[in-house]
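There are structures below to look over.
Shared between the two complexes below is chain A, which pairs with chain B and chain C, respectively.
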Partner chain A sequence: MSSPSPIPPPNDRRSSRASSNASQPGPGSSSNATSSLDVASEPSDLLVVGGPPSSPSPLALRASNSPSSKRRKSRVEKIPPDLHLLEYVSPCDSNLVCLICHAPFGKPVRLVCDHYFCRDCLDHAWEAQQDGHKTCPTCRNRVDVDREPLSVPRILENMLDELVVKCPNSRLGCEWSDQRANVQDHVMLYCEYTLVECGSYDCRFPVSQKDFHKGCLHYTVNCEHCHTSLMRRDLEEHQTTACPNKSTSCPHCATEVLRVELKAHIKDVCARAIVPCPGAIVGCTFVAERTEVWLHERSCPMATMAPHFREQQTRLERNEAKLEPLARRVVILEDGLSNITNMLYPANDNASSFPVTNPLDPNNADAFPPAPLVPTPDFRLPPASLHDSLREEVSRIATALTEVEGRASMMIINDGQRFKDELLHTNANINNMRVQLHWLMSTTLQQRTANSASNSTSGRAGSGATASTSAPSGSTTQGAARNRSGAAGPGVTGHSPFRRLSDSTRQDTKL
Partner chain B sequence: MFATKRLGKELSKMQSGLPNGIELIKADDFKEWLLDIRVVDANPIYQGEVYRIKFMFSPNYPIEAPEVVFVQDESHPIPYHPHIYSNGIICLDLLDRTGWSPVHNVESVCISLQSMLTGNTKKERPPGDENFVRSNTQRPRDINFVFHDPHV
Partner chain C sequence: MSTGAKKRIMREYNECTADTPAGMKINFDEQNMTEWEILLDGPDQSIYAGGHFKLKMTFPTEYPFKPPVVSFKTKIYHPNVSNDDKGSMCLGMLRADEWKPPNKVVAVLRLIQALLIEPNADDAIEPSIANEYKENRKEFEKNAKDWVKRYAK
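Let's turn to the complex of A and B:
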């Protein structure tokens, strides 16, 4: 029944069972129905439930008053129930289950190999197969598409028809459930929850068949109790089940309370509500109606102690809640402290938890810590390198200085050596001269002692003549000669200088 | 829709009981299920080990085959079998387009895998396993297997 078909006149409900096998009403009967309905509803387009006795029953009117007008005829669409989507009341025999959809057969068909499937499932499965290579999904036998699928035994269809199903509109509130054979008639004719198009001309919302006679309910209204805006259609349901400001009766004690207060009423007030003993938090297992619990409370030691326990509990929780941020702060502060320590003593803090690289340490291969939490290394790097270069400079200067010092002292030593050599040389010369002088003096003294005895008178004239020539020539060695004469010959101090000078001139001429 | 309804039915049936050695681990949606299987018979190759199988369903299930692979974690190795690659991909005609039939279901696939392991006597990987595992980027359903071994 895919196209909008006019509804047949309402038969006796029981007869629908018989007509269900031919689910599509015959063309003849349907045309009859339409004409009779048209005649019946022609006098007035008003929808009157339970009209004059000549008109069809109210049920038929409801089911068919839309097709009565010509414009509606094309727009009312009731969708026939899909057998695959039906909900079965009880689990059915596994022999009646299609192996492809795992549900009771919809329209069962048989293959030559005696395997059964729903017609739809088999078509689905064959869609995926190539033409000419259709096989049985179970045994993979090649299927002759022209002859198969075959019809199934009547008894199988009957068994399927007898399965009890729920109305597909059960979610909307229909409580009908019956044999599967009747479901099509139920949905298409009798179910009050089947959706049909709204009776209003320009409204396209669907409406349940039972509400059709109320006219279009698809406009927005405000609930007079809670001022929620909602569709007129949903207003009644809202007020009976949801509206918070509508009074309702308590399920336990039958007191009338507002729905919004119902929960609080049951939780704290209602005398008949089942509640546990207040001592339950410390282990009392007594659970009864509130009035009985009140009696029990007086004798229950745990109920007496419960408030104290609860107070302690809240205090503990409060303290724990306070403790947590404090602990977090301690961690943060400790982190900060270790960062500061690392910043201050970067060189000797390698063992600390914070990864610091010492840039002056040549053994440390990686220059940077993997992920510094604070940018201490970056901050310290420029002064560190400066420090490094300065240190290098200083050490270079130090070595240069040592070198220069060494060279200078070497030079001084060399020079001193030379001077010492020269001095030694001079000393040797002087010694040599002294020896000569000594020898000359002793010779002169010997001569003089020998001569003084022989010519004491004539010697005076001779010495006077030579004194004028010899005085300037001996002036250079005068000091030395005088020293020598003083040290070597104290015996001759009494002699006059003239006599001595004349003696030395004589010595020179002799050499 | 079709797949959801059918998988829902399978799930409720599996929750009410499964054959020995098969266990449903996770079926939160109708896209991916996890099951554990172990070899019940005394086969020394698979002694004491539990294998985890992942089913991935397309919206066309059961007309289209599900993708079935073994998954590996700390407690679930990939079983040694000449038709199971070490990345968990299974070479079995049942799971291929040509071999799949809509009358199969999750439970029957698990039983097939279980019996495939039970009947195996060779503790080895398929030939060319290393190359396949290294180079394969395809999903199992896009691989064209050549089925040559009628004994499994």
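Let's turn to the complex of A and C:
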């Protein structure tokens, strides 16, 4: 919605005006140029100063009465005020307000339906509508663009011209305010605050008309008080209103203090500053100048209480601050514990055999069977008892383990014993067999010698048999076995004693 | 957006603050003046009483030649408010073809309030809710109050 300005941009106007003045100097041309601007013209405007094409226009010459404009160069360009953006000193009659922009009409026009709008606003409204289908924004009546918009009664324009407005540069410091009819002249010719381009050649910053003659102020300087770097243009303002190292007077007691210390002065020292009673945190509502508060403090019980109260408060806050990390750690530990529980009893998620099914549930009293716990702070209860039950579980497992171990070692010992016994028997058997073998061998030998020399001597055969029997004896067991077999030998067959012996030992082991 | 339109929005805002309908609060950010946040209490005489609704009013670039866009940020069970995450309300003067540049924002605010008191079932955006409103008022009121409890407390 860029507004087509009712007034041509300054460039065009300046050039057109200058050329019209230069080419055909005369009252007529000048007044034409002026009236086309809709600026209330004064008789002095008609004064024509002719000259070569490069000579300044009459308006510029008139403006040169103000001292600051003497050095103005040709590049100086000013933007005319936008009537839509003006600030009005008093609220104006609602009949003078355009229903589209909600501001007093800029340049009012009328439609046949008797609805009034700013020319600009109406153009905007019609921008979106097709040719031939333009309507009144208020009543949607079809508009005949050849005849409309119509002009408005002179009285309406006069009323608008008489509205009092502020200078558009009021924010920059201009205090001018006057009838709207004069604002154009004020801004374009007289206002000291109108922004113009800086006079320096390589500088394009805007500068207020009043500072134009000071030359370019658009370079950086350091404030000698606080060493902030800023533009030269802003230095004065900085030192009078902002510089922290310049002294200023306290608004309450008029003491001179550095600006940077002013806040602290008012907050803690200034005798005239309005402060509340120190007992305010306990509920005292007394508020007065500091000197009065000092007097009041002596009699105010709440002011006496306040320091203790504050101390308690800080202690509380400290404790709360400490509690917070603890609580976080508890949460972490709980998480860890439940992880361990899940790892130990992956199948028991639904809680049946394991007693620590839901130890974190404080309502579930069964969760801690042997836990008539000493009352502890509630947030510690679940993990502590969980600990206990876990420990108990571990010791139960340990006992079971020892039991199993004992049973296993008993079994090993028994088995070992049996093996040892069997080994002994086998050894004994082997010995017996060896003895038997000897015996058999010696009998065979005896028979052979007896056969070869049976006829010569029977006595020698008997002594030979004795010698052969005694020859292999080396160990007591062998001796005992031989004796035994020797004892059992007569009257029975050679095999039977061993069988009986081994049978009996086997029965022993089995028992 | 042109300075003129901004000026008008600024003026509309001033007018609204001077004459805010009861139970409404406007949060206005000068940096982003085309988006207003409106806090609206359910009118006492309506079924939305006790609820606190947050609305957004967005001014299009073509404002005042196009209407501002109103949307409920708080869910509301209402035949004229769309039951989606947009929560848009578009009827009467808020419709692009019915909007006139001279319409004032205060009038829009009044329209919203009036619609909470008396929904317009004939110009509904949610036909099922409108149907319920017309044919089973008890059920409608129960649902609306339910939503107030659930979303607008």
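The rule we apply is simple: the second predicted complex is superposed on the first by the 276 of 511 C-alpha atoms of A that agree within 3 Å, B and C clash if a C-alpha of one lies under 4 Å from a C-alpha of the other, contacts with A are read in each partner's own complex, and residues count from 1 in each chain.
Definition applied: contacts are C-beta pairs under 8 Å (C-beta built on N, C-alpha and C of every residue); 3 or more make two chains touch, one makes a residue touch a chain.
It should be emphasised that the depicted structure is a prediction, and the values quoted were computed from it without experimental measurement.
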So if we stack both complexes on chain A, do chain B and chain C clash, or do they fit?
-> clash
Is A:Arg418 in contact with chain B, with chain C, with both, or with neither (first, second, both, neither)?
-> neither
Return first, second, both or neither, reflecting whether A:His124 touches chain B, chain C, both chains, or no partner chain.
-> both
So, A:Pro137: does it touch chain B (first), chain C (second), both, or neither?
-> both
Is A:Leu99 touching the first partner chain B, the second partner chain C, both, or neither of them?
-> both
Per-residue contact with chain A, leading partner among chain C and chain B = C
Check whether A:Arg147 is in contact with chain B, with chain C, with both or with neither, and answer first, second, both or neither.
-> neither
Kindly classify A:His84 by the partners it touches after superposition: chain B alone (first), chain C alone (second), both, or neither?
-> both
Where chain B and chain C land on the same part of chain A: residues 84-85, 99-103, 121, 124-125, 128, 137-138, 140
Please give the residue numbers of chain A that touch chain B in the complex, ascending.
-> 84-85, 99-103, 121, 124-125, 127-128, 137-138, 140
Give every residue of chain B touching chain A within the complex, in rising order.
-> 2, 5-6, 9-10, 13, 60, 62-64, 97, 101-103, 105
Residue positions on chain A within touch of chain C in the complex are 1-3, 82, 84-85, 99-103, 120-121, 124-125, 128, 137-138, 140
Would you pull the chain C residues touching chain A in the complex into a rising list?
-> 1-5, 7-8, 11-12, 15, 61-62, 64-65, 100-102
